[in-house]
Each structure stands twice: as C-alpha cells, then as structure tokens.
Amino acid sequence: MQNPYIPIPVEVIKIVTEVDTKDIKTFRFAFLKKEDEEAFRYLPGQFAELSIFGKGESPIGIASSPTQPGYLEFTVQKAGVVTSTLHEMEVGAVMGVRGPLGNSWPIDYLAGKNIVIVGGGFAFTTLRSLINYMMDEKNRSRFGKITVIYGARNPGLLIYKDELAAWAKRDDLSLNVTVDKGDADWKGREGFVPTVCREVAPSSENAVTVICGPPIMIRFTLPVFFDLGFSKENIITSLEMRMKCGIGKCGRCNVGEKYVCKDGPVFSLAELDKLTKEY
Amino acid sequence: MEKRLIKKETLAGIVGELAGKMRVCAPMKAEDQVLFRVLEAGEKPLVDFANTKNAPKNFLFPRTEMMMKYTRTGKGMVFAGEEETDRGQTLLFGVRPCDARSFTLLDMLFDQEKYRDPYYINKRKRTTVVALACVHPPYTTCFCTSVGGNPVSSEGVDLLLTDLGEAYLAEFLTPKGEALLSAFGGTPAGKGAEKKKEEIAARAAGEIASRIPAREIKPILDTHFEDPFWDTLHLKCLACGTCTYLCPTCHCFDISDEVKGNDGIRIRNWDSCMFPMFTKETSGHNPRPSQKERWRQRIMHKFRYYVDNFGAISCVGCGRCVMACPVNLDIRKVVADIAKL
Amino acid sequence: MENVEKKLREEAKSLLAEKKVDVVVGYEKGTLPLTATPCFITTPEEADRLVWNPFCVQNLAKFVHDLLGQHHEAQKRVKPEARRKKVVGVVARGCTSRSLVIHLQEKQYTKDEIIILGVPCGGYLDGKKLAALAGGEEIREGSLDEGKIVVKTVSGERQAALKDLLADNCLVCRFNQPVIADIRTGEVAPVAEAEKEYDPVTAFENLPPEARWAYFEKEMAKCIRCSACRNVCPSCYCRICFADQSQPRWVDIGADPSDTQLFQLMRMYHMVGRCVDCGSCTAVCPMGVDLRKFLKKLDKDAFEMFGHRAGVSLEEPAPLGAYRETDGEDFIFEPGKKIEA
Amino acid sequence: MTEKQLAKEWEPKIVAIVCNWCTYAGADLAGISRIQYPPNVRIIRVPCTGRINPFYILRALQEGADGVLVSGCHPGECHYITGNLTARRKFAALKSFLGYIGLEGDRTLFTWVSASEGDRFAQVIRGVTDAVRALGPARKLVKGPLKI
C-alpha cells in the first residue's frame, strides 16, 4: 500500500524574494528522484504539504504549472513555524513535498470558455499556475479570451513582477494590474480590485471567473460579478482552512460534510452555497 | 460459521494462555479503573466487568503513533524510513459490541478508496477482535440501540462470546475468528444454545434504559446550522478533550515532529475538535472561534456529516462521554433537545 | 441546606427580575444520580433550576472569567458609545469566592461586574470515594438524606455517612463561608479540620525521594493530556497556554513521559499562591490523577515561605509577583554547603 | 562499552543560566584572571535572573543537562533594581517543588555571583560540578530516545 503520509524528497534549487517586505519568497524545488517527478502529476489549483523535518508540514498552493516540467514552485509567506524555517533555507537544502493534494481549478469546465482571473495580494499563486497553464502554447487554443485582474496593496507587494511584465506584452491576454495606492515610480492603475473589475467589466457571455484573494476582497468583488451577469456556477474560488493530513482524515478542515483538503480547495459559489457557512 | 460452547470458568485461562503466544490486549484492573492493556504471558484478563474506561481504539489508532523517521545530514534532514508496522498479530479480548462496531465506523474513514491510511489498516489487519456480548447492558447510560447497534451486535467482531449461564456461546464469525478455534476448543453448540442466545439478545435490548432520537435528528441538523440552540449549549463546556479522547469513534489527529540530536520522528497524536487550537490558522483567524462552533462541529460531525459521507452515525452509544464529561454535558440530552427543534 | 437553596433561588430571581445581573452562574441537577452541573440562568423563571447541595463540585469562578473575558473581547469590536457592561451573578462558596478574589487582584474584571451570591459550604461529594462505595459498579440511583448517602447498583444497596465521602480538600477547608459576598444565603457551615490541612503533604515530604519520584512518575503516566484539569481551573486563564504555543513549542505531546511530567509540573507551578484548593482539577480528571498531592505542596510553600494564602485578601498580590527583602535564602548554593533534597 | 565504563567516562553536563550584569561579568573576570574551573558548564546569558522562565530550567533537564545552575547579582545589587528579588521567590518555590517530587536537590542550583567575584565564580563552578558529579547522570524528567 502506498503511504500517503510520506513526503517526497526535493532539493531547493532557486529562491526568489518576491516583495519589498521580503516576507514572501518563491521556492523552486527539484525532485531528488526521477520516478518521483514522473509520479507527481498535478493540475493548477492543487496544493502540496511542504514538509520540513523537525518542524512539520504546511499546506501551500502549487505556483508552478504542470507545463513547466522539471521543477515545482511554491510562493510562501513567512508566518508560522514551517514557513519561517523555510524562509531561512538556502539553495541546496533538502526537504520534503507531499502531494499533489486536493482538487484543481476545473480545467475541463474552463475549456472553450472566456476566463476572467481575479487575484488579490499573495493569493495569486495558484492563479499564476493556471495562467501559465492556459498560456502554454499547447493549451492556449483550448481557452477563449483570457482577462487577468490582479491587485496588491502597493507596488512593492506585487508578486511575479517579471512574469507580469511578460504577460503585459502578450496580445492573447488582457492584463490589468492595480495597486490600492501607488508610489512615486508607479505608473500603472490605482484602485481596489472590485472597482477595477467594474471598470474592466468583462462580459459574462460564455465566461467563467476564477477568484482568489483575501476574504474582504472576495466579499466586495462577488457583487460586481453578479451585476455583470455571472452565475454562481461560473464563479469559482479556492478556500483556505487549517490542515494537517491533507487527505481528509485528521478531521479539522471540513466545511459541512466536505473536506477542504480532499474535496476542495476549489469550489464554485454554487457548491459553496450548499455547504454550511463555516469558513 | 462454527459455533461452540466454552465452559465459563475456562475462558480467562484460555486467553491467558494465548498471551504467551501473541500480543493480547484485554481489560484489566488498574487501581480503581478497568483499562485495556497488554497481558503478560499467563496473565488472566477480566471477564466480568461493565466496560473499560478507555476505548479499545487505542490499539488501532494510538494516542501517539510514529509515522516516519528521519536523520540530519549536511544538507538538512533526510527521510530515514517509515514506521515498522509489522508487530505481529494482536488479539483484542473483551471488547464490548458497541466498541467493536466503532472499528467498522473507523474503517469507513481510514480505509477509503482514494486515500488509505496505512497505519490504521496495518494494525486493523493484524488484530483479531474477540467480543463479549452484553447479556445485560452494563450501564444505564448505554444507548447502542439508538444508534444502530445492539447488545449482542457482531459488527466488527471476529469471535463473539455470549454468556449463556454455565457456558459461553462462541461464534467464530470470520476467518480471523476461526483461526482461534483450536485455542478456544469447546464443544459444538446446538440449536438450544442459539435459541437461548436469541432470548438473551432480546432481553438485553429491552433492558437498554437510554433511548435517544439519534437517527431522527439528521434532517433537523441539515437545516439548523444557524440556530439559537447552539448559542447556549456550550456554555458550561470546559473545552477539554475528555469526551473525544474516550470516544471509540473520534478519530481527529494532529501531526507533529520531534527531534533529538540528529534523529527526528514524525508522529501523530490524538487531537480534539473541542480544543481552540484545533482549527486556529497561523494568521490567527479561527473559523471555529468559540466553543459554540466547536460543539456544533462535534454534533454535526457525528450525526450529520458522517451520515452524509458514509451513511452511518459516528457514535456507538457506549456512554463513555456521558459518564466522563466533567460538567455533565450529556450527549443524550443534547440529541433529545435537537429533536425538539 | 434546603433553606439556602430556597433563598438562593429567590435572590437569583430578584437579581434577574430587577436586571441587576445578565446571568447567574450556578448549579442545577445533573443527568446522572447524585450529580449537579454548572448552569447559566438568564430569566427569573429559570431560577428554580438552581440547586445547592453536596453534589455541586466545580469552582464556578472559571465560568465567570470566561463570560466576562468573552464579553470584554466582544466589546472591543463595538463603538465606544454602544458599549455596555455585563454583570455576572455567581453562586460562590468559600473556594469559589477566593478564586474571584484572585481574578480581581489580577485585574481580570472589576468588582462591579460581578454579584456574588455567597453560600455556606460543608464540602462536596468525592467522586472516587462514591465510586468506591458503589464497589466500582455504576450508581443507578442515589439519595442523600439526613447526612446519609444511599446508592443503588446492580448488586444492591449500599450506604455511608456523607462526611465519610467528602472530598479530601473539603475535609480540611478553613473557608466554609465565602471570603467576599454581596448576598449571603445561609448560616455558617460546620468548620472542617483545617489544622490537618498540610498533613498529607508533610507525610509525603517524609518519604524517601525515590518513593516520591516513583509516585509522581506513576501518577503522571495516567495522564492522557485532555487538559480538563487546566481548563476547569479558575486560575488557569492564559489566553494561550504555554502547552499550546507553537513558537516556541515548550512541551511536546508525544509518548515520552517527560513531556507529560513537564506539562503538569509547569501548570502546577503556575499555581504558587494561586491555588485555592477547590479540588476541581482532581475531580474532573477522567483518569484519576492525584493532582492535589502536588498542588497542596505549592499551597503549603506559599504559606510557609511567603506567608500567603491564595485569594484571601484583595490587597495582597500573588506571592510570585512580589518580594520581600527578607525572603528566605536557604536554598542558595554556597560552594561546600550541602543542600538536602 | 559496558555500563561501568560508560559511567566512568561520563562527565556532567551543566547548563548555567546567568545574568548579563553580574555573573556573566564575573565569569569574564574569572577568564581574564586565568582562574581555572571545570569545563562542564555551558553558559547561557540572559539580561536578568528575573527574566528566566522556570521552564528553561526544566527544559534543560529534559534535554539532558545533568544539572542547571542559575546565577545573578546579589540581592540588592540587581541592575534592574528588583529583578533578582522576584527571581529569588520563583526559584525558592521551584526548587522546593522539584525536591518534593523527588528530584535530587543538587540538580538545580541557584546562587549569586557579582561582577567582581571572578574567584567566587570559579569556586561556584567547581562546587556545582562536584555536586552534580556526585549525583551521577540525570535520570528524572529526561526525555528518552525517540520511540513510540
């Protein structure tokens, strides 16, 4: 029997400090064993337990896309015991990854539709995975128009700056980056994500929106999409809950009868409506 | 199925003898309590007792269990191996039918198709459950019949023993049970014994004093997630883990690491939905911020979510939580009150 | 006692009717024989549920702290002009009142937030002694009449004098009356043998160190870390207990006995001069750990070393928050001087 | 190696938690003055003995220290005026409690060494090392090897 609790050994091969406050870093891991890499088949929206021996595990969304073989990336904010230790690690360190876990963004459902991606702050990670997945040349034709609205509190807190610049140059993706408040060097858009969504006003015609961000942003963004005519089936988000096992056993992350780790983290609003309001 | 009669006075000796050959866990007196523990060779277990203070789930899902080991190297800690699961066969003697049923409920969770829990399953495979049917319900707080069990239930049992007076009727229900045929010996049981058992079963079920509408509350829970009922229910709850730790069906756990020198282990420990830290996130946000939400979770999990997911109530009616709750927050009363909503 | 109960209900009723309190924390009849359980009365009509008898075990000050603590937290999220005071009425005997004093000393709330319904106390029934009376069998019925406890079990009826079944801490309690009260509901209860208070501690001190260690080790091995002792204790109110902290993690929760020993040692040590010997922790422990054996030592030391009795005076702070220049120094190491264990 | 040999080669490990202003300076002085004392002590410097959480002492024992020494300024000489006076109460109660549960008295030791007492520091360390050596390796409250 395969033991779902045993992490896969990986090595840190690259670390990028994403934000000015230096508390969000992107870690790139390479698998130590080739067979592990082949077995680790994932889709955007899934997560994995980052496992630091002696400290424990922390569930983190996978930020890289399966179209980028050879490595896994995770963007991690320094917060608890595990993430703080991770932030002190250097290239070459060996640790563990356990996954992939959870469901994913519903790729098959998204196929053939126009996609509106709305991200806030550091919750942009699995959305980035989705964007890179869809923008991959093998996949791009499967999706319609792609609109991205991404906001952070200030320019220094925007993550994946290089990629944002690259996407901005593409004509098969409409990118709208905003900050709550700019600084002297900021030439882009200013304004909260919900406001920008209203301004951009993507059509709900054959469209699905994928939203991920802080609860307050989601709360104010949802009415905008209702007004634009998006149905609850076509608004998709990802939940966060404290997790330990990641496979629906340890009992803490359930919302109603669903386990966020096993049945989620991705739910449509229509699905969430059926669950108890405990998140 | 093989049925035998075993002379009453020989039973403890048979089990004691087995203890020399395999790992036998059985109820034993420990100061003023009766607890399951591993027998020494030849040690005779209690056969005449009400029920144990702790649930036998401890032998399949221990309070602390090692998951894996690792060691420190120049590059960091590296994986050094899984827990060695092969600890030979275990005989779990003297399990009450309600507790044996708890194993089938735990199987549903730990032995799900998609993610199977190797630690639990390996122990479960190697454990033979010898149950002692309740000829009389041991406590007035017993309510097994309200949650789908009964005093002579054979669910989760490999060998069921029913006290017929001078002898035990031994029913060897499964291959694991049949493996004990030669050790238990006895004489073939006839129709008379079977009839006597049926009488005993009917009488014992009738003697169950606590009856609660456990199966009736599912539709109420479905629609009463937000209800003023939850606002006061929890007030006297201490947020301790007594109910969940003694419960035969509670299975929540926490995973943590321990390090000594260059060696480390990852272990899992029982956790409890009653603890504030259970769902507290690193950010400080807690989706179940007070004991209200935690109590609701406990009730919902047992009587609603488990039914949704597995079609069974996650309670076997052993009454341990009723007797052990330090503030007498009686689950029987809670369920009865919900039925009135 | 009956008159006390009657007066208590009347007083609670009028406090609630006149809206002088939002809630009265008291005891009501439990669901098991010979038990009482904490209850929260919010309307005058419900006040008749209140009982006062020797089955009232837990120290209710814990709930006062919880209620007011939660209220203070909730008020932080309310605009200043909309903030309101919550007043909690509490049925308090000697030990409960001392815990309230500790809370007031430690500025957990102010005196105008509580109304103390003082009750005289002659001690409460000890669960272990009662279980022993019942021969370890379930108590199916029980009664208390004229100082005599009668219990019915499966094998018959047994009886004993109430005074022989009182908890050890009650037998040596010098606070049969509350130390502070707004309303007093009864005459002075009989004074216990307070002069024998520290006898068991002294006896334990006189054992050889290895015997003491063996006892400590044995008792701690019973602990299942359910936290009932900590959570029921009125003096244990840290928002996040050291045992729950993850940064740093002070104590592990795994299988090593030293972790449990350290958890208990440290929790108890936090009680120096703050333990009112209410016995709640010992009473609620599901595994029957003899916590009082150790806590009473801290009480004795606080009194002998620092002249402090917990929760007796509103002016005198807990001993570890203060000092005197003349405090004893016998324990200070001097090279060449031997210190006895 | 037999147990006897192990015991023979055993050297006590002692954790000394000392205050920055007096005892640590005293230890410095002992060093500068080249006063010899046994190398069994690992020093942890804290601002004041009043800052020491008693759990430090227990954790040191749990992690395998054979003895723990706490030392600060003499009463009345605390850099923070009264830190060591409250500490004195804490440690008096702790030591008494640990003794009560049967822990050897010489496992946890408390003393005062001022900045000018380099000599006394060395003496204390000698005394403490002898005392702990006489007790042998610690067995109580010690965390065992990692196993379930």
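To keep things simple, chains are lettered A, B, C and D as they appear, and every chain counts its residues starting from 1.
Keep in mind that, in the parts below, a residue touches a chain if its C-beta (ideal position, glycine included) is under 8 Å from a C-beta of that chain, and two chains touch if they have at least 3 such contacts.
Just so it is clear, the model here is predicted, and its values are computed rather than measured.
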Chains touching both chain A and chain C: B
Selected interface, C-D versus B-C, where C-beta contact pairs are more numerous: C-D
Centre-to-centre distance between chain D and chain A (centres being mean Cα positions), rounded to whole Å: 51
Whole-Å gap between the CA centroids of chain B and chain C: 32
Chain C-chain D separation of Cα centroids, rounded to whole Å: 35
Inter-chain centre distance, chain A versus chain B - centres from mean C-alpha coordinates, in Å: 40
Touching two or more other chains - residue numbers and ranges from chain B: 64, 254, 256, 258-259, 264, 267
Sites on chain C at which at least two other chains make contact: 254-256
Overlap residues in chain D, where contacts from two or more other chains coincide: 143, 147-148
All pairs of touching chains, each written as two labels joined by a dash: A-B, A-C, B-C, B-D, C-D
Residue ranges of chain A touching chain C (in the complex, touch as defined): 80-81, 84
List of chain B residues in touch with chain A within their complex: 67-68, 70, 72-73, 75-79, 82, 109-110, 112, 114-119, 121, 225-226, 251-257, 259, 264, 266, 268, 271, 273, 278-283, 287-288, 293, 297, 300-301, 304-305, 308-309
Contacting residues of chain C [partner chain A, same complex]: 246-247, 249
Chain C-touching residues of chain D, taken from the complex the two chains share: 54-55, 58-59, 62, 69, 75-76, 82, 85-86, 88-106, 109-112, 123-124, 126-128, 131, 140-144, 147-148
Residues of chain B defined as touching chain C within the complex: 31-34, 50, 53-54, 63-64, 136, 138-141, 232, 235-236, 238-242, 245-246, 254, 256, 258, 267, 269, 272, 275-277, 290, 322-324, 326-330, 332-333
